[in-house]
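Let me give you the structure first, and then I'll get to my questions.
Chain IDs A, B, C, D, E and F follow the sequence of writing; residue 1 opens each chain.
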Amino acid sequence: MTDTIEAQSNKAGKTVSESAAETTVVMLPSDANPLGNVFGGMILKHVDLIAGLVAKRHAGHANIVTASMDSMTFSKPVYIGNALILKARLNYVKRSSMEVEVDIEAEDLNKSQKVYTGTAYVSLVALDEKGKPIEVPKLILQNKEEEERYAEGESRMQIRLDNRKKRKIGV
Amino acid sequence: MTDTIEAQSNKAGKTVSESAAETTVVMLPSDANPLGNVFGGMILKHVDLIAGLVAKRHAGHANIVTASMDSMTFSKPVYIGNALILKARLNYVKRSSMEVEVDIEAEDLNKSQKVYTGTAYVSLVALDEKGKPIEVPKLILQNKEEEERYAEGESRMQIRLDNRKKRKIGV
Amino acid sequence: MTDTIEAQSNKAGKTVSESAAETTVVMLPSDANPLGNVFGGMILKHVDLIAGLVAKRHAGHANIVTASMDSMTFSKPVYIGNALILKARLNYVKRSSMEVEVDIEAEDLNKSQKVYTGTAYVSLVALDEKGKPIEVPKLILQNKEEEERYAEGESRMQIRLDNRKKRKIGV
Amino acid sequence: MTDTIEAQSNKAGKTVSESAAETTVVMLPSDANPLGNVFGGMILKHVDLIAGLVAKRHAGHANIVTASMDSMTFSKPVYIGNALILKARLNYVKRSSMEVEVDIEAEDLNKSQKVYTGTAYVSLVALDEKGKPIEVPKLILQNKEEEERYAEGESRMQIRLDNRKKRKIGV
Amino acid sequence: MTDTIEAQSNKAGKTVSESAAETTVVMLPSDANPLGNVFGGMILKHVDLIAGLVAKRHAGHANIVTASMDSMTFSKPVYIGNALILKARLNYVKRSSMEVEVDIEAEDLNKSQKVYTGTAYVSLVALDEKGKPIEVPKLILQNKEEEERYAEGESRMQIRLDNRKKRKIGV
Amino acid sequence: MTDTIEAQSNKAGKTVSESAAETTVVMLPSDANPLGNVFGGMILKHVDLIAGLVAKRHAGHANIVTASMDSMTFSKPVYIGNALILKARLNYVKRSSMEVEVDIEAEDLNKSQKVYTGTAYVSLVALDEKGKPIEVPKLILQNKEEEERYAEGESRMQIRLDNRKKRKIGV
């Protein structure tokens, strides 16, 4: 019976807030590059993990793989001892494809200051057990901001498809 | 000048929500014990990390060390692929001592079900650079619930002190 | 035939020393918190691992899960480069439940000094493959000290059960 | 005297092959996501590490930070037990900025088959000890292919600068 | 049909260069011992991983286990921030046994200097799914140097067998 | 005054048992190679860590580096869920050089069976802060077995020196 309810809610879609996630990770010496900073790849690892979590929350039983990560700028260094704060939410969903936006802040815990570090757009795909794409619940939009994000996500998804065809430059 | 402002805000105290933190961590195969479950010690590691983060947010420049962790019951196993959700907040502050409560849930991402896993009470101390205890901002209580938590935290802190004297049993 | 012998030894119980374990772990920079100390949660991870090892040695084929960890006080900081010495032994066994005591020392290898850091009481349960509690060998007590530890373990186990009922405070 | 020689070689620039690097990493169970695949963020971590290595080889004494990573598509899943092969080389250098291209292959060691997995373009900056950008050796181009890569790198760098101004979409 | 082709190529043997591998790993703070150097055991871990990769490339479907590692001298310390460069190649193959040579260099990325650090000889065995030794492709030698390495590998393999019989000293 | 006492005990030497160490490590999924076994390099990492610990206990304030590891045979595979038991002790000490023997067992915790896995001979050197070899306390031998081990260690040390000169084969 739980399955039936879940199946229905899948048909009916899920809201953005149902899958949104937040994580706060203190950067430890084991996350450092030889300079003592946190290296960019470590941040991207956390970005990918939380994007996968959000997509999985939305998709339920399906398997989730990362299809692409858009260009990301690291505007400020993140230091050991900082808290890395990642806020992740779905912008756009179409059939088996999802775009998750991850906003990244670094918090200097000594000075109680948060610094915006960057935004990542991760696109993910839901697969069934044989690796075939599988449809996920629709994204229920509940306000103007979510509708705008959806439209922007749709246009980025189109750009990704165009770039994949051109394959000329990696941007 | 930033220092002056900060010093003033320290005098005035900080609210519970200023330091509260939430983290959501997907449990990976590298977190598993040989059974394929997440072992209890791995959960305690995350509990201690976020408790330290909350205490550090409240205390600012001071160094934070864990003084004790109260008895913790693991009511349900946590599985690889689950999201571990930790919500941490200050209950009680006195001079250099802080009690952080960490509520632990495990989320089965296939079934979209969250299960309460346990509550940890961590007491931490703020130290200056020479390792001497240092006073931290007062905890500003903003509602009835926070006042009740404060009273309970105070009584637990008293029990810890009593137990340390008796040292008869570890509970 | 090995099975028969083992089954017999299970009936007859096992001594404390048959399952006791000791581990010595050098604390590396990758175990550090941002202060350069070893964080409490890392110590608890090692405590849980060796408690599980002792319980598994006693229980043999069964699966072992941590049921609870009693209140633990970290009386001294542990530093990078210290050796963490954990000595773990069964105090008490009843049906599927076991209490393991873990005594923790930190050794300063430069000064050849060992410092008592704390004692953890971990209670664990043996489960069969379906997750049902399963009876483990009795604990054979061989001297007065082991009998006293058994009695204390029994009284702590009772307190844990009482606390679980009350659930008022986490101590 | 070594310094003098090095200083001269810096003036004269360095070739692409002087800093190019290759790494082959067997994907272990500890690199897995809960599906048992390698998660995208783990690959990005390795991409960032080798891009930093190439930039550091070119820049010598300077500190290297990742400024941005271009959009990356993961065309195929990478499995535990696969070898991840990363080939990294400088495409473009201007003052303190460098673009490193990382070509990624996954090798199925059972079938002796290599699969192209993606290409990452990472831009990095050389900083002095105070965090100020510092000029790095020129990139000596030795053949037609390197000249074409340089031109493409220059055009991508321009797109990155334009996008940073527009900041409209993350692609 | 792919299987048939592969089976044929197995009969015909494989060259040294078909399985040779190179890896370059930047040493991070998480690889350090308490002195801040890379500890020898961490280097041996990387040596064993790449030796296993080379043997697996040569053996294809078989499982690979390390049988022994010859005496290894660490002539120079490796520092955090150095690049560890490992070049691994088959010297000798007989039935299910393989000897892989791993040459180790440490590169000081600040000074652009590479230092020879040591050579490891690792012998590995190919096993089928039941753990029985299984024959691997012959090693096709393509020049004088490879023939000399083969002869030296054969003599070291003989010494290993002799030592195993004597078991008097571990050298 | 503590220094004076320590200096005296250094002159007088230290016994074998003063520095001997034992460690028991449960092998977790994060220690596995793609076959699900523990890979040899992971065992060597633990061997090197405990050898360094024993040497450091004997040498006190000095820095310890691994000079070489003798040939090691892995006679049996170690599985995830096994306990790896390492017993380490000094065999031989001369000026700044020390030989530590590490005996390795793997314990199958389901079957309560221990299997001898191999013996490693690690030679280590004590250095002062400038990296110069520094004399360590003499090794006080307390029984016939320790005297025999000392003699064997001395002869292995001689073979290592000879091999280093010949440098013909790595065994």
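Throughout what follows, contacts are C-beta pairs under 8 Å (C-beta built on N, C-alpha and C of every residue); 3 or more make two chains touch, one makes a residue touch a chain.
Since we're looking at a predicted model, the values are computed, not measured.
Among the remaining chains, those touching chain B as well as chain F are C, D.
Centroid to centroid, with C-alpha atoms defining each point, chain E and chain F lie 23 Å apart.
In this assembly, the C-alpha centroid of chain A lies 40 Å from the C-alpha centroid of chain E. Centres computed as Cα averages put chain C at a distance of 27 Å from chain F. Counting partner chains per residue, chain E has residues 26, 29-30, 33, 49, 52 touching two or more of them. Going by the touch rule set out above, the chain pairs that meet are A-B, A-C, A-D, A-E, B-C, B-D, B-F, C-E, C-F, D-E, D-F, E-F.
Taken together, the chain F residues at the contact with chain B in this complex read 26-30, 80-81. Residues of chain C touching chain A in their complex: 29-34, 36. Per the touch definition, chain D reaches chain E in the complex via residues 2, 6, 21-26, 49-50, 52-53, 56-57, 60-61, 83, 107, 109-112.
On chain B, the positions that touch chain C within their shared complex are 33, 35, 37, 39-42, 44-49, 52, 63-74, 77, 119-121, 131, 152, 155-156, 159-160, 163-164, 169-171.
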